[in-house]
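Chain nomenclature is as follows: A, B, C and D, assigned in order of appearance, with residue numbering initiated at 1 for each chain independently.
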Amino acid sequence: MQVLDFTVRSNETLNDQNHLIKVAPAGNEVLPEMQPGQFVQILVDNSPHVFLRRPISINFVDKEKNEIWLLIQKVGEGTEKICAIPEGGTMNLIYPLGNSFTLPERKGKYLLVGGGVGTAPMLFLGKEMKERGIDPEFLLGGRSSKDILQRSDFERYGTLHCTTEDGSLGEKGYVTHHSVLKEKKYDYIYTCGPKPMMVAVAKYAHDHGIECEASLENLMACGFGACLCCVEKTVRGNICACTEGPVFNINQLTWLD
Amino acid sequence: MAGLEVHIGDLKLKNPVMTASGTFGYGTEYADFIDLGRLGGIFVKGTTLAPRQGNDYPRMAETPSGMLNAVGLQNKGVDYFVEHLYPVIKDYDTHMIVNVSGSTVEDYVACAEKLADLDKMPAIELNISCPNVKEGGMAFGTSCQSAAQVTREVRKVFPKTLIVKLSPNVTDVTEIARGVEDEGADAVSLVNTFLGMAIDVESRRPKLSTITGGLSGPCIKPIAIRMVWEVFHAVKIPIIGMGGICNWQDAIEFILAGATAVQIGTYNFIDPAASVKIIDGIHDYLERHQIASVNDLVGKMIVQ
Amino acid sequence: MAGLEVHIGDLKLKNPVMTASGTFGYGTEYADFIDLGRLGGIFVKGTTLAPRQGNDYPRMAETPSGMLNAVGLQNKGVDYFVEHLYPVIKDYDTHMIVNVSGSTVEDYVACAEKLADLDKMPAIELNISCPNVKEGGMAFGTSCQSAAQVTREVRKVFPKTLIVKLSPNVTDVTEIARGVEDEGADAVSLVNTFLGMAIDVESRRPKLSTITGGLSGPCIKPIAIRMVWEVFHAVKIPIIGMGGICNWQDAIEFILAGATAVQIGTYNFIDPAASVKIIDGIHDYLERHQIASVNDLVGKMIVQ
Amino acid sequence: MQVLDFTVRSNETLNDQNHLIKVAPAGNEVLPEMQPGQFVQILVDNSPHVFLRRPISINFVDKEKNEIWLLIQKVGEGTEKICAIPEGGTMNLIYPLGNSFTLPERKGKYLLVGGGVGTAPMLFLGKEMKERGIDPEFLLGGRSSKDILQRSDFERYGTLHCTTEDGSLGEKGYVTHHSVLKEKKYDYIYTCGPKPMMVAVAKYAHDHGIECEASLENLMACGFGACLCCVEKTVRGNICACTEGPVFNINQLTWLD
């Protein structure tokens, strides 16, 4: 873990709500090893109302360019201000934080399910799988076509399935209604997105005896294990989502009780 | 070289900057960010006799220039601390001080007793001001009588430096400070968090699972400084001041108001290296103002 | 059309948004910015029996998300008010309520008596919580006994709506609230400012001429909301809530916690039209959530 | 008085500390009448530490361009943020506030003494005098040549005398040591600047039986008479510097007691 200033190399507006921001260490320090599922804590400058840092998943690591990608949805003042940092601007990060998704040791059928901006860590995860010789499948959901972000990036690493609530892309409905879930039998499911979606995915996985890991977005104050604010109730009691998570095997969670 | 050493009871601190209980884990969480040996001291997480799961999620809400927490003293209990944590942290080149919490006087006493045996545990901080537990906690700190009682009983079993942490949720903090001084406390630390609350207006639900929680951060600084100043004029024992300290200016403000040392709390979450920057800042301030020792500043606000 | 009318004692307010004493002058200061007739009510500056010069400059210091003030009840006295100010403001199309302050019970009573005679003065707010005067003021509001006593005596001479403004600088605000309710207060308003302090570290002097002053603004909001919620569960009379309200969300938060009406204070300085925007915001919230009347929200925070 | 959004038409860096910012109503509303000595209250956006507005004098009113000029010295976070607003940016003002300097009714010798950024209101005052057929003289002081701002603007309206502490422009020393004060006899002195300078000027005026008005920079919360925080102790008691000031006849003040 370290605290470091980054320079915003680019800040791309993907749609009215989402930005893709690529950052590199301001002093050209070489990025440390990072794992899919890990996140960063962003200091929000120039905001009278944002006191704490904001946790954002590592969307992708471009080792060649020494860049971290962040996919950010504007939902409040913190994310608004982050998305307003122009190219060339500075962003102070604490990183890398948290555990990571379990990377497969063997071949198999892996499904990566993301909803909304919860697709963010799935890109990095998919890339790491591909590099290990695995062809992941992605199942991404959103309200409409414009909410399914980074499609061409995902397609580089695996097959892409989509659902949209208005049917403007892929199948109409929620991710858990997608036909692949009926047609195929997966060995492992990874998921990140709105809690109701993740609970539905966890339930599907549980009912079908599929291993499943979910990445949580609990409210965080510090992000590195010091405040005990981010706890998730698990079978082992209250556990910090920032150090022992954000990725949990659903067997550890009490969602389905 | 300006002198930074200060004394709190029998404790010699290499500098007046320490980190506040519940915001600094067991120090280890910050080892990646700073050299822990630079700190005057580390107050570890609130520790109770029995293990505690703490309160349900959500435990945190951001507020203007601050935050509410409702952690509720989640910890693995004093025995676990003694067996598993103490061995790891005891050799840090700084003072490690346990923040002792409880629901009954007996709890406090039993917990303090176990810690008294530890060689490298030179002091404890009695937390009679936690607003986040149903029983005990803050209740001890808001009545002069019970604050005095718990101090008296713990004093009997704990011969080393005894610091009592005061609650700001009181009409007259000097009364409580005098009460614990009379019972033999070596120092008081203040303030703990203010009891506060926040509601999500769209869902109409409280933002914390416990409805109310403890307010910390810069928002409380003006009230905390006032209380330190009041207590400075009420007791003779040293004061450890805290509440919203973010930079060396804030720390000096507490020292001028009467604090011999300070604790950095919530701001560690935002800048994990804040404490070390504050040490440097105090040092530079002393040099710039040609003040030989930080002790010369304690309570030295100029009135008139 | 969502219903905004609320009642406080005999007062019918066209909406629950009023402006806080000491932050809105006599209303006239804001006439350029807003239509005063839109407000539920205006609490005019703290008024005392004799004229007062207030405290020396400096009287103000900015703090994180708030400010300290040490105005000290500067005003021209109740006789001047009756003769020169009342005639100007009495015909505003809103309720004008005088905030009555004093150093002795006799002062409060004499002042209230003079105001009781004024036709268009439907209510007074007893300020037993001003931290900025040497004698009386907050002292009345931090002891249950004296709070009850001053309420009792004023009640005898003031037959119209009597609102008592509580101090937050207490261990248990419900005790004081119950005390004044028992003596016949028609409503309580809370909170007044928190006693705080700030020091300029370069000059080492207090930032206020009086050393300590009253803290207001968003920084105090979480504590104020907690107190409103506590008082809501302790008394039957209506509560007027305040402390850091800047926007309609803040106002709804107070209402959900138990306030029948709210006062906007410090934020008027930053946006002189804030109060009117808040009225519109509450109205829109009610429509959006299909709530017939704002009264249906009072204290309706959902627990579980 | 009104609250209005302005657009920053230009933001010129005069030296390392001072900016000249020209603003015009964002909706092209025609500026109301304003008087020299009056000020505006600026809302500081995007600052976590600045809660209250910041009072700044009206430096100049360009009626043709419908612009207000503001001369701002960066001394803390508020003024830093204001000076960082780029051309095209928005600034919310409450204005015009305060009383004004007494404009001369008859010819005479008028001296306008400004120190540091306290020169700001003197330009507007000089222009108004000139338009009334009076030739004001300016006496401006600063640490060094680069601190004497807007010299060519001042020269348009009257004779310019300067002092600098390092002697790099005009006479060396403080304004009150300038030779014109010994050589000429003025009828009226107006002053604005650091308190010690104004006190020295007031003393000079008092000793020489010259009428004198000073513009105060008391700390303000509201700026329009609502908070009573900005009071100056006068012979009539505590008086608000924001409504009955910022300009006071020195006879009203208790500085020389």
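The definition used in the following text is that contacts are C-beta pairs under 8 Å (C-beta built on N, C-alpha and C of every residue); 3 or more make two chains touch, one makes a residue touch a chain.
Please read all numbers here as calculations on a predicted model, not as lab measurements.
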{"item": "Touching chain A and also chain D, the following chains", "value": "none"}
{"item": "Longest centre-to-centre distance from chain C, chain (CA-based)", "value": "A"}
{"item": "Centre-of-Cα separation between chain C and chain B, whole angstrom", "value": "34"}
{"item": "Cα-centroid distance, chain A relative to chain B, in whole angstrom", "value": "36"}
{"item": "Whole-Å separation of chain centres (CA-atom averages), chain A against chain C", "value": "47"}
{"item": "Multi-partner residues of chain D (each touching 2 or more other chains)", "value": "48, 50-51"}
{"item": "Residues of chain C touching at least two other chains", "value": "63-66, 217-218"}
{"item": "Pairwise touch network: line, ring, star, complete, or other", "value": "ring"}
{"item": "Pairs of chains satisfying the touch condition", "value": "A-B, A-D, B-C, C-D"}
{"item": "Of chain B, residues touching chain C in the complex", "value": "63-66, 68, 142, 169-171, 194-199, 201, 203-206, 211-212, 215, 217-223, 225-226, 229, 244, 249, 252-253, 256-257, 285, 300-303"}
{"item": "Footprint of chain A on chain B - complex, ascending", "value": "22-25, 29-30, 32-33, 45, 53-54, 56-67, 69, 71, 74, 217-218, 266, 268-273"}
{"item": "Complex contact set, residues of chain A against chain D", "value": "45-48, 50-51, 81"}
{"item": "Interfacial residue positions of chain A with respect to chain B in the complex", "value": "1-3, 43, 48-53, 94, 218-233, 237-238"}
